[in-house]
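Should a chain be cited, it is by its letter among A, B, C, D, E and F, assigned in written order, with residues numbered from 1 in that chain.
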Amino acid sequence: MNMFHILFLFTLLSSTSYASVNDFCIADLKGPNSPSGYQCKPPNTVTVDDFVFSGFVAGNITNPFNIALTPAFVTEFPGVNGLGISAARLDMGVGGSVPMHSHPGATELLIMAKGKITAGFITPSGPYVKKLKPGDVMVFPQGLMHFQVNSGKGKASAVLAFSSENPSAQLLDLLLFGNSLPSELVAQTTLLDVAQVKKLKPLFGGRG
Amino acid sequence: MNMFHILFLFTLLSSTSYASVNDFCIADLKGPNSPSGYQCKPPNTVTVDDFVFSGFVAGNITNPFNIALTPAFVTEFPGVNGLGISAARLDMGVGGSVPMHSHPGATELLIMAKGKITAGFITPSGPYVKKLKPGDVMVFPQGLMHFQVNSGKGKASAVLAFSSENPSAQLLDLLLFGNSLPSELVAQTTLLDVAQVKKLKPLFGGRG
Amino acid sequence: MNMFHILFLFTLLSSTSYASVNDFCIADLKGPNSPSGYQCKPPNTVTVDDFVFSGFVAGNITNPFNIALTPAFVTEFPGVNGLGISAARLDMGVGGSVPMHSHPGATELLIMAKGKITAGFITPSGPYVKKLKPGDVMVFPQGLMHFQVNSGKGKASAVLAFSSENPSAQLLDLLLFGNSLPSELVAQTTLLDVAQVKKLKPLFGGRG
Amino acid sequence: MNMFHILFLFTLLSSTSYASVNDFCIADLKGPNSPSGYQCKPPNTVTVDDFVFSGFVAGNITNPFNIALTPAFVTEFPGVNGLGISAARLDMGVGGSVPMHSHPGATELLIMAKGKITAGFITPSGPYVKKLKPGDVMVFPQGLMHFQVNSGKGKASAVLAFSSENPSAQLLDLLLFGNSLPSELVAQTTLLDVAQVKKLKPLFGGRG
Amino acid sequence: MNMFHILFLFTLLSSTSYASVNDFCIADLKGPNSPSGYQCKPPNTVTVDDFVFSGFVAGNITNPFNIALTPAFVTEFPGVNGLGISAARLDMGVGGSVPMHSHPGATELLIMAKGKITAGFITPSGPYVKKLKPGDVMVFPQGLMHFQVNSGKGKASAVLAFSSENPSAQLLDLLLFGNSLPSELVAQTTLLDVAQVKKLKPLFGGRG
Amino acid sequence: MNMFHILFLFTLLSSTSYASVNDFCIADLKGPNSPSGYQCKPPNTVTVDDFVFSGFVAGNITNPFNIALTPAFVTEFPGVNGLGISAARLDMGVGGSVPMHSHPGATELLIMAKGKITAGFITPSGPYVKKLKPGDVMVFPQGLMHFQVNSGKGKASAVLAFSSENPSAQLLDLLLFGNSLPSELVAQTTLLDVAQVKKLKPLFGGRG
């Protein structure tokens, strides 16, 4: 067999796969976005490091919620562009909690690593809440409001996986209180007391 | 030209389109559901009435919110099964409001028909709120928390269209207060005062 | 609780959702198009007016068909880019009609507002035609040929919703007669008489 | 190395792929349909013959159009269920033509095998027509009206591929004339002369 | 405000979301499969345990490869049905390795938990290989051939996440050698020596 | 009827379909790629030749494998951009074979044109292999490893269709041996003998 011929043939056969959008499309974060994701980096500039994210470590939990979320979404990890998956690491100190939030268009898996977490999502037909321990995986279907609370006596941590490369988090308190809407409008549309709204607004940077 | 032959040929040519899942798939609501929607009714039982919904009329607004929502979703309108679209009619009395809610996985269009409605959605980067009048159409991107308030002096009404045949509504108050979660847990995960939670729970059927 | 810390935390938690392609992607109509839609406007230039279309009013029906179609598609309403939904307003004078047409890849809902409209779509297995009145909604499954005729004694109007942000209309007469194909070729491929083709060509700007 | 252990391990590792919906899903044509296609045949009854269609041969062109279309769609070839692709063989005698038609939601590739075919599709912005010979491939984007005419002096044939496993054909003449709609309604919505409609109705089995 | 009225209204508003296919669709594993996944369990039988998988623990690595894979795919974890995401746990003893394999239609994230793993995927334009440690996440784009090797001095483990609820694994050796194809055919289509094929066949249960 | 008015109306009605991304999006191969495909060429520069590929002819089979593959993928045929379909022509000399390969995310149809081809794909649950002749069509579900061998006494040829406009080919030998990975690593992750790996590496341009 002739090596030159084989190489030539294989080059021919596989020429269309070089730089193929179907194999991968590393995000060019400086370019424009589109409904399907970011434009692809030129294929000849791609290296293995585009496929590896190296900051998946415990974040600083010295804050009022005693939690840290370390995302590996497309904006930190351009290799997942267009692939419909991403991850994050959740660390919770004693008494820590991730307040109510949702991810439009993304399902979340919570994979327990350490400690005990009481987690749940709420739907019109009822809440689904469970106390989780290592060995447990819980799914939060896309777009549903959910929360996590450290219900153990020590630290807790978990790996989160999302069915989207960019699962934006809609934190309920930030939505309701971190804005400039009149407190009366917020109260009217949430049925909360105006006093409650006015009390929480300053905590989340809201005005009005 | 010979009519018999033409008919024969056309029958041949088009035989695969009879009962095609690609043309339409009327929901058999008594059968099981699947991630792509309901099973299709047998094609030979389909009539034009499967494609028409006739109850798109103003509902009764004699209730605390002074509103009525009349849905034409797949469960009322089996003809939209698998087609990724549905509609609803919104009627609002003076002072009426649709409180905060979201539709996981469905974008909503609000098409003003009568009166004045102040509508908005809230995101981590800020609220987007507008006072709408007939001639206006507003879009609420999928999964985002939004509300509508009758801000005029008379009745208001609008047509809603959704990018899903089954755009379940996640009403924030029903989620937070219409359940059996301990009030302390709700307070912890929403940062609301426990007293506020305990005050609203009975209004939405919640316990605990 | 310390406001600074909370704000800091929330900024951290939600940083990935700023400018997220998942929340919305307002079309930059001056930029290039792609199979998934237009590129997104820079997020910091987005205002509430990007989510509102204000020209959804009755068009001028002083024309041979006595109809007017007012679209709110992505080219008029950049806020629906990537969201798979759009709308249009249809106004029909006495005797008006929207001739046969189809929307490749888009399902249409017709929501009656005023008057009486006889509407239908035609498939190889038969026509589905209905006389509609206010309170009725009819669905025209994607890609099927359909029409609407004002069958009442006064004006008629309807709201149309589409399962695509850019539901291009393929008007049968414009396709068949508004082109430069030889009349003989049109006749051969439609089985219409050549004389019929030659009669209609000039009406739709066709040559040949 | 111990064969038993290896086998045991591989069975473990790959157990989830047995009968996986992700590998393939042979249509159970006797079961119900759904928006995503037919239910899957039980995996243990699948044989290689489910993946092979053996009737892709020239059909009988002794008919008024001098053509034959031999489909390998999901209803004839259950192996393509859920895979979004299918094929057909087109044979055309001298003077044969496939009249105007569209495939809702399916793009078509025409791959020339023999003879000469003039093919085209028509859009509001103009017709795209080309005389094709062996070595040519033409694409007809989804949902657009198109036609094929044998423009050579002998027989012609082509392979057609579709981006759907069930690309229903909407034959314009059958739609317009093969139904029970009043001729006047057809004329009104097509702008054809009533006499033209009445002349063609009987040829396609229509009444009225 | 009247509690009865509010409850009544909310029931009305949210009635369509009860049992909605859009919220979730727990797999009924005893029912038939379809291209979009399994049929949904009746909503009134759903409990929180349908959303939790509790066997995500280290498997037994006493086998020739010194590895264990513990899947939480739809067949073990019916709650992920239709949601496009799943997970698995990988445990590797000293010298353990997961041989070459691919997942058709699923992207994989590998999230390091312990030890050191050299992982990589191979494409026509080159291999992408990296020695990973805790804190690293690597993405293997859908359908590409990849492997993992314990390259540390102790045990290693990782969490895997997949962009599919049923990411069947195509293990190269099992594909090539665990079948009844003639060794000569395998050799011809892989360019391996016949002797090599004949040597490996018995290890993977192959005949011929 | 007034021609001017009709033209004016039709222009209005169809204005949104000019240059619509929904009708077609010819790839601008010089622009950037995105997860949904290439950017669209400006619509006013599109001609019928963008929809026709004219090099679908037998390639040169004077090479060690006695085969030629002539692709009509998006990089050669920009008209299929965003449409999810493409084609290729396969020519095989006596004894020719297409070695094991897969297409991530694309299903393949093989439509026999001439000769005899033994084709098959391999899965964990077994191989599916068939000797094909003209009149046969075989489907290779997406992402599965497959091969084709000329098993007749003369030349063979086939048309291939793919459910992707860019079905990159992952040729097993090129993946395994055409790289710079250490032979020992390749051997470890394939279970092949190191000697076998070292023998094949030079044939495919690999080093190490």
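Everything that follows uses one rule, which is that a contact is a pair of C-beta atoms (placed from the backbone, for glycine too) under 8 Å apart; a residue touches a chain by one contact, two chains touch by 3 or more.
This structure is a prediction, so every number in the text was calculated from the model and none was measured.
Enquirer: Hey, which chain ends up farthest from subunit D, C-alpha centres compared?
Expert: Of all chains, A has its centre farthest from that of subunit D.
Enquirer: Please work out the Cα centroid separation of subunit A and subunit F, and write it as a whole number of Å.
Expert: Centres of subunit A and subunit F (C-alpha means) sit 35 Å apart.
Enquirer: Starting from the mean Cα coordinates of subunit C and subunit E, work out the distance between those two points in Å.
Expert: A distance of 42 Å separates the two centres.
Enquirer: Would you kindly tell me how far, in whole Å, the mean C-alpha position of subunit C lies from that of subunit B?
Expert: It comes to 20 Å between the two C-alpha centres.
Enquirer: When you check subunit A against every other chain, which residues touch at least two of them?
Expert: Residues 10, 14, 17, 19, 23, 34-38, 104-105, 120, 123-124, 129, 141-142, 144, 168-171, 173-174, 178, 203.
Enquirer: With chains as vertices joined when they touch, what's the shape: line, ring, star, complete or other?
Expert: Drawn as a graph, the chains match no named shape, so other.
Enquirer: Can you list every touching chain pair?
Expert: Taking the chains two at a time, the touching pairs are A-B, A-C, A-E, A-F, B-C, B-D, B-E, C-D, C-F, D-E, D-F, E-F.
Enquirer: Which of the residues in subunit A end up touching subunit F in this complex?
Expert: Residues in contact with subunit F: 1-3, 5-10, 12-14, 16-17, 19-23, 25, 28, 31, 34-40, 81-82.
Enquirer: How about subunit A: which of its residues touch subunit B in the complex?
Expert: Touching subunit B from subunit A are residues 97-100, 102-105, 118, 120, 122-124, 126-127, 129, 141-145, 147, 149, 168-176, 178-181, 185, 188-193, 196, 199-200, 203.
Enquirer: What residues of subunit A sit close enough to touch subunit C in their complex?
Expert: Per the touch definition, subunit A meets subunit C at residues 32-38, 59, 63-65, 67-69, 71, 73, 75-76, 104-106, 164, 166-171, 173-174, 178, 202-205.
Enquirer: Can you check the complex and tell me which residues of subunit F touch subunit D?
Expert: Counting only subunit F, the residues touching subunit D are 10, 14, 17-19, 23-24, 43, 47-49, 51-57, 72, 77, 79-80, 83-87, 107, 109, 111-113, 120-121, 123-125, 128-130, 132, 134-142, 144, 159, 161-163.
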